[in-house]
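Read from first to last, the chains carry the letters A, B, C and D; within each, the first residue is number 1.
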Amino acid sequence: MIPAPEIDLVSLAPVLVLSVFTMLVLLMDLFIGKNKSGLVFISLTGLLLTAVSSFAKTDWPVRSFGGSYVVDHLSVFFTMVFCISSALAILISIEYNRREKIRVGEYYSLILFCTVGMIILASSTDLIMIFLGIEIVSLCLYVLAGIRRGDVRSSEAALKYFLLGAFATGFLLYGMALLYGTTGTTKLAGIAEAISSGQMSSQPLVLMGMVLLVLGFGFKVAAVPFHMWTPDVYQGAPTPVTAFMAVGPKAAAFAAFFRVFTEAMPELASSWDMILSIIAVITMFVGNLGAIVQTNIKRLLAYSSISHAGYLLIAIIARNSLGGSALVFYMLVYTFMIFGAFGIVILIGREGKENLELEDYSGLGFQSPLLALSMSIFLLSLGGLPPLAGFIAKFYIFQAALNEGYVILVVLAVLNSAISFYYYLRVIVYMYMKEPQGEFQITLTPITLLVIVISVLVTVELGLFPGPVLSLAQP
Amino acid sequence: MSFVNLAFLVPLFPLIGSIINGFFGLKIGKDRVSWVACAGPVLSFVVTLILLVSIFFHPEGTPYPEQSLFTWISAGDFVVDFGLQIDPLSLVMMMVVTGVGSIIHIYSIGYMYKEYSYYRYFAYLNLFLFSMLLLVMGNNFLVMFIGWEGVGLCSYFLIGYYFEKKSACDAGVKAFIVNRIGDFAFLLAIFGIFKMFGTLDFSTVMAAAPTTLIYDSEAATLITLALFIGATGKSAQIPLYTWLPDAMEGPTPVSALIHAATMVTAGVYMVVRCSALFNMAPLTMMIIALVGGGTALFAATIGTCQYDIKRVLAYSTISQIGYMFLACGVGAYTAAIFHLVTHAFFKACLFLGAGSIIHGMNNEQDIRKMGGLKDHFPITYVTFVISTIAIAGIFPFSGFFSKDEILYHALMDGNVIYWGMGISGAFITAFYMFRLVFMTFHGPSHVDPQVHPHESPMAMTLPLIILAFLALIGGLLGIPLFHGWHLLHNFLAPVLAFDLETALHASERMLAEHGHHTSFAEVLHQAQRTSHNIWLEITLMLFSIGVALAGIATAWFFYIKKPELPGKLSKGQWGFDLVQNKYYIDELIDEALVKPIVKGSDLLWRQADARGVDGVVNGVAQTISLFSKIARSFQSGFVRNYAMFMVVGFIILLILI
Amino acid sequence: MFLTFLTFLPLIGAIFLAFIPKHEEDAIKQTALAIAVADFLLSLQLYADFDTTTAAMQFTMDVPWIEAWGISYHVGLDGISLLLYIMTTMLTAIAILASFGIKKHIKEFMMAMLALSTGMLGVFISLDFFLFYMFWEFQLIPMYLIIGVWGGQRRIYAAVKFFLYTAVGSLLMLVAIIWIYFHFHKTVGVFTTDIMLITQQINLDMLQQKWLFCAFFLAFAIKVPMFPFHTWLPDAHVEAPTAGSVILAGVLLKMGTYGFLRFNLPLFPLASVEFLPYVCGLAVIGIIYGALVAMMQEDLKKLVAYSSVSHLGFIVLGIFAFNHYGLQGALLQNLNHGITTGALFLLVGMIYDRRHTRLIAEFGGLAKVIPVFTVCFMIMTLSSIGLPGTNGFVGEFLILLGIFQNHMGFAIVATGGIIFAACYMLWMFQRVMFLEIKNPENEKLTDMTPRELCTIIPLIILVFWIGFYPKPFTKTFDASIQHLITQVTPKDHQGSQEPHASANTDVKLAQADAGSSGSH
Amino acid sequence: MVPLTHYLILSATLFSIGVLGVLVRRNAIVVFMCIEIMLNAVNITLIAFDRYLNQHDGQIFSFMVICVAGAEVSVGLAIVIALFRNKPTVNLDELNLMKW
């Protein structure tokens, strides 16, 4: 006989609000014609309201549904990040979709559904919920990746992502099943105490489950060696979707990753921080090394996002409150940097010619200085050069790690960011130090421009005066 | 003493002259340039005279006046003033520098008048005087060092005055760098002195030397040795003499002023200035004496086989300075200064004479292409001969007195070896100098028919006459026979006063503190044993005159009586070639030192730097890009490989657990 | 506040320039120059107001910046940084004046120069690790662009090398900084990055000091650059435009030595003493090595670049002499090198503009054609070989004097360096200026223009001023140096550290200040 | 009664078969089926544990899994069809436009 869990819809508010609006978008799509701007408006309102409603509960942490859903510092802040990222994604999509003739209304609703999944992922403390969240996110992304139906690359990306994703899901599930079986519960808290009190049926199975989880999450956050899909999918997917993928879902995955490993098995830290450290180091190296030789800007950014996953893993390894806040802050900053960069990538492209090769950026620096300047700002911020936000974020993560005494790890990370400078600089070299191939025909579409401007401002602002946001990020 | 406050004027005048000529020389025209140029040294000479007079009224026993213009460098307790010092020693030098300097300036007007960059020449020359005066007037090592390097610089400029000529430039650079080697040692000595004494003022250091340094201790020896090496660099002694012959590339007046009269003797001045230090280091003294004597002999031998009139004089200069160092080495500082003065007179005169000849035969320098010139150059001839006799050391010319004093001291305070070196050097000197005279002025003329030899203008002959006169009577400064008559000696006595006895006792005390008990009694006894022996001196004089005459006679025999003989004798004699090629020293240095360094640094650059150090840097970059190629090569694009990687990774992780 | 204003004035100017339309080239040039000159003149006010009697920081400003981490915007100047600061403003003005000839993208160039200036000034004033690091990295970008955009053939290679090389070093320093940040919290209990505070209260054991020393040392040694890390310098110098080289040699390299003085010595005294032999060894190697390699160069700029390696070796040597003479010499030599080498690069740039080559073999006999230029070049050459009476001598002498007091061996070898200095400089000078003209192109060279003279003359004046009367410059150092020495030398064997200085320095200082107050 | 380990071994075997299938098969559809096998293997595990611990989370979990699997099927097939429109093949080895 199952005890009925207490229902606390208020803490579930963001999910509900967003779901409602998503449905609304879905419905409206049927009635309005080719022009989808109405949907955009609805979606944005929805996201706004979601963001607001996430503050419905303020006495953090609030655990509900029998401890399988929590509203706490992490979840709220992440919800913010998700809303921002989705909003930005939608904004940069508008003109892109118009240009690339993507006229499916589901586009926006998919993004919103994905956001719902992310919120769930970030705030659920139960393996089942986490699994659901991951699946919601993934399914939406599979479709989004292939949303350009006429384009082989897009479809191929979708298929690759789908197959590998499902494959990874299998492992993830298996891991969850084992954890559940050995500890007898799916609640993270329960698992934790089962492990700590040593009443698990078999140690090896727990460890195996843990490794399987590492694989599953590792796939979602694109950690080596489970990263192989990233470059292809990022390259194939439509640019706004790529940007979205690189930020939102990744952030969500990291949130869950962080929760599961810090809340469910702190006892096993001794064994998993070793694994994760190795993975983090390899991830950083592979990401950066891979990026060095790329000539396609999207692929380059894909590899760079892999390396960033490496840095973020360090935050998880640090597994202290600092680590959590560092993770959040990093994701926030990362959101703006990535959307800014991809926004410019979209602007450079034009109908029938996406201009994704680095050569296409030659001489941009003096053709349209401001655009080049912003691009440089984003790239250098990604590389972590002061006084830009990226530096503060990295600084934060290094702090977290050094506080726990992971000196070697940090030194390696630092060396990596030195390597990473090389390919970020390469883009700058093309923009400023090479002669232009031909005339640029850049149509500065307003909304994308808006996104870029916002991102620039935030990147610089968070670099110079991160104080307020930092104090928010710290519990 | 109020006059002393004029001291700063002495170096100032030439400096002003140099600045005016340097910046506005082209605008104001040659005549004004000559006026400005000569005004400097002459005025300085006048001021020096005033100072000289004033010094005679200087009360006995009180310290000599110094003029401190401003604090130059101060770092913590290291404070160096830009100070000048007026004492007998510096005054003697100032007299020589300004006096001979003025004369040579006047001479230069005539000699250089045809030059385009006349102004540049005089700017340099004035600058040189400025530096030289700083050198001799500075009241501490550092100001002296300014002058020390300054004169080196000016000689670099003036040697390389004809800068289109490669040989001239090379000679200039060579001179500067060889000097730098000396300066390097000098600097080290300065550091050492500061470490020992905590100050660089001459007066303080010299006063403290007897009680601070330990007699014959390492410190004393090393410091003084370093100082001496510095001196050898500047004064062209073994082993750093090779630059001086090449320096003859410069205009002849320059050779007269810088490379005969003043700069090259700076080393001697410095040693005398630091006599207090040297007295504490007998070992160094011995080395100085040997090097000096050796150089005197060595250079003289080379002088016998040279055909370039100026080079002969250059080598004779080297050997004469060798005499001075010999004197210093045996502690006869007065004698050294005495010879320095007289040498300044006659050697300047010789060079200017040579210059006048070269001038009169459009720049012919090879004495084989001369001969029988005495009719064309009457004045030059007379003055030249006078100076030659002086340098050969015939009574009563100036050289006789100074050289014989040195020889006397070499025997008395030193030993018979020093004396032997000196006396044999004297013989050779007399020989090659008269060889020069005979080949140039006497015998049949080998003058190139196109050339029409002619006596030089007034501006050039007048200085010759003055200098010849000085060379003639200069000896009066120091009649050796009776102590009282030795003006120079009495004049310098206060500066060179040194009480060996207290010094030795102080050393014994200091050693005792360190636990060593040594007694310098016998050293003291040795020092006191030597007393002035007038009869011995007279016999020595007669002997050396005889030697000089013998040298002259030999020269006469070879170059007037049987002119064909030298050629016959020297033919195929390896010894002769050796000497004529200056013992191949230059070639040796070139092979053993210069080339290896150049080759080595080339290797250093092309291999060690470009390949090695930078190679590592670029190597890192290459390895990284290699790895990145590997990293991307995994990215095959096949879904199944990706899945495979995932599984493999998973298994590896399982194993790790 | 005034200091902050001075520091950010160029940046503001750069932003202001952005609004001037591209084609108004003269307006752009003049505005940039005006800003730079104004900054320089105003910075002289700092010298006027500077109190030479105290080692404390002056013109300080301390406002909280990132409270969450205890980071504050804390700036100030002391004797170590004052003159570097002023020299930076001066060289910026000169460099801008010198680069009026730039052809392409003049506007962007001027903006980069001004931004660069702010970055450099910030490095010298910041008294907060975080702030320091921020400026330290920030100035890389404009320099990177200046080399990469306005440079020569292999400019991109040089620029990237410059950037990455420096970045690697400084990132390790970052790790060290964060480590100190937490260590300080563990030991003292405050989260702060305030340099002054940390320097006073931090206590590290030998091992920690060693590691941290290495981390900082690497960053600064690369910047200086010391012997094994120097290879970026020749490339950067050769490729950079004239102004870039001037700033690079004049200021950027000084950041390394400044770092030693500000961080390595005060923070890690034990390690500094421990590592002294190795550091001095590297410095001496650098001196000789740089000189020898310079001797072989065929490219004028490369030659000067390698001579910098040699000169900076002297400076480091002076710093690690740990006594008043050495440190004072090092600080003075910082300026001297900035002046002399900066001027040399300007001069080389001038003939490069005329002949578009820097190969020594291409020249010869210039002395006849362009006498004024020759004179300027000669003066700078002499100052570079440290002839007494020029600025170079005073610095080098003090450095060698200082190192001689403590480590005779190093002193002797280093002093040998001055011989080689004479060799390569004079040999170069002879090949460029003397001998007869082989290459007909050289006959129609024009002598210096008034603008070029304006860039050189101030430097020439400084050469002789410092050469004959360095007091006005050195007097600003004394107090800070004294303070530094007390920080570095462990109390127990301070006496043995400096034979004379420790005893009666204070008296001397008192005198010096009395005299200075009179003269000033 | 059959002990837990048998079920676990069975499911593990199934899971491995699925994995191997993914690794070796070329046809997208077949690969996808293999993935389904993996999921079902997991279901078996879940149910087994559930039974063994006799509580119901496992069953709920397995229901979720089944639903999700259904959703995946639809999406997956849709994607395959979309791809097939552009490029008439389901052979995974012909799908590497994007690599390196």
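One rule holds in what follows: contacts are C-beta pairs under 8 Å (C-beta built on N, C-alpha and C of every residue); 3 or more make two chains touch, one makes a residue touch a chain.
Since we're looking at a predicted model, the values are computed, not measured.
In terms of the stated touch criterion, the partners common to subunit A and subunit C are B, listed by label.
The chain with its Cα centroid farthest from the Cα centroid of subunit D is B. Between the Cα centres of subunit C and subunit D there is a gap of 66 Å. Per-chain Cα centroids separate subunit B from subunit C by 38 Å. In whole angstrom, the spacing between the mean C-alpha positions of subunit A and subunit D is 25.
Centre-to-centre, using mean CA coordinates, subunit A is 80 Å away from subunit B. Across the assembly, subunit D contributes 19, 22, 31, 92, 95, 97-100 as residues in contact with two or more other chains. Among all residues of subunit C, none touch two or more other chains. The residues of subunit B that reach two or more other chains are 632, 635, 637, 639, 643, listed in rising order.
In summary, the structure contains touching chain pairs A-B, A-C, A-D, B-C, B-D. Within the complex formed with subunit B, the residues of subunit C that make contact are 161, 165, 228, 230-232, 289, 292-293, 295-297, 323-325, 328-329, 365, 367-368, 382, 387-389, 393-394, 397-398, 400-401, 404-405, 411-412, 415-416, 418-419, 422-423, 426-427, 430, 433-436, 468-471, 474, 478, 481-482, 499-501, 503-505, 507-509, 511-512, 515.
Of all residues in subunit B, those touching subunit D in their complex are 632-633, 635-640, 643-644, 647. Across the complex, subunit B is touched by residues 159-160, 163-164, 167-168, 171, 207-208, 211-212, 214-215, 219, 224-226, 228-229, 231-232, 271, 274-275, 278, 285-286, 289-294, 419, 422 of subunit A. Contacts from subunit A toward subunit D in the complex involve residues 2, 127-128, 131-132, 135, 139, 142-143, 146, 149-153, 155-160, 162-163, 166-167, 169-171, 173-174, 176-178, 180-181, 184-186, 231-232, 235-236, 293, 299. Partner subunit C is touched in their complex by these residues of subunit B: 70-79, 82, 142, 145-146, 148-150, 153, 156, 160, 163-164, 166, 169-170, 172-173, 176-177, 180-181, 183-184, 187-188, 190-192, 194-195, 198, 597-598, 600-602, 604-606, 609, 613-614, 617.
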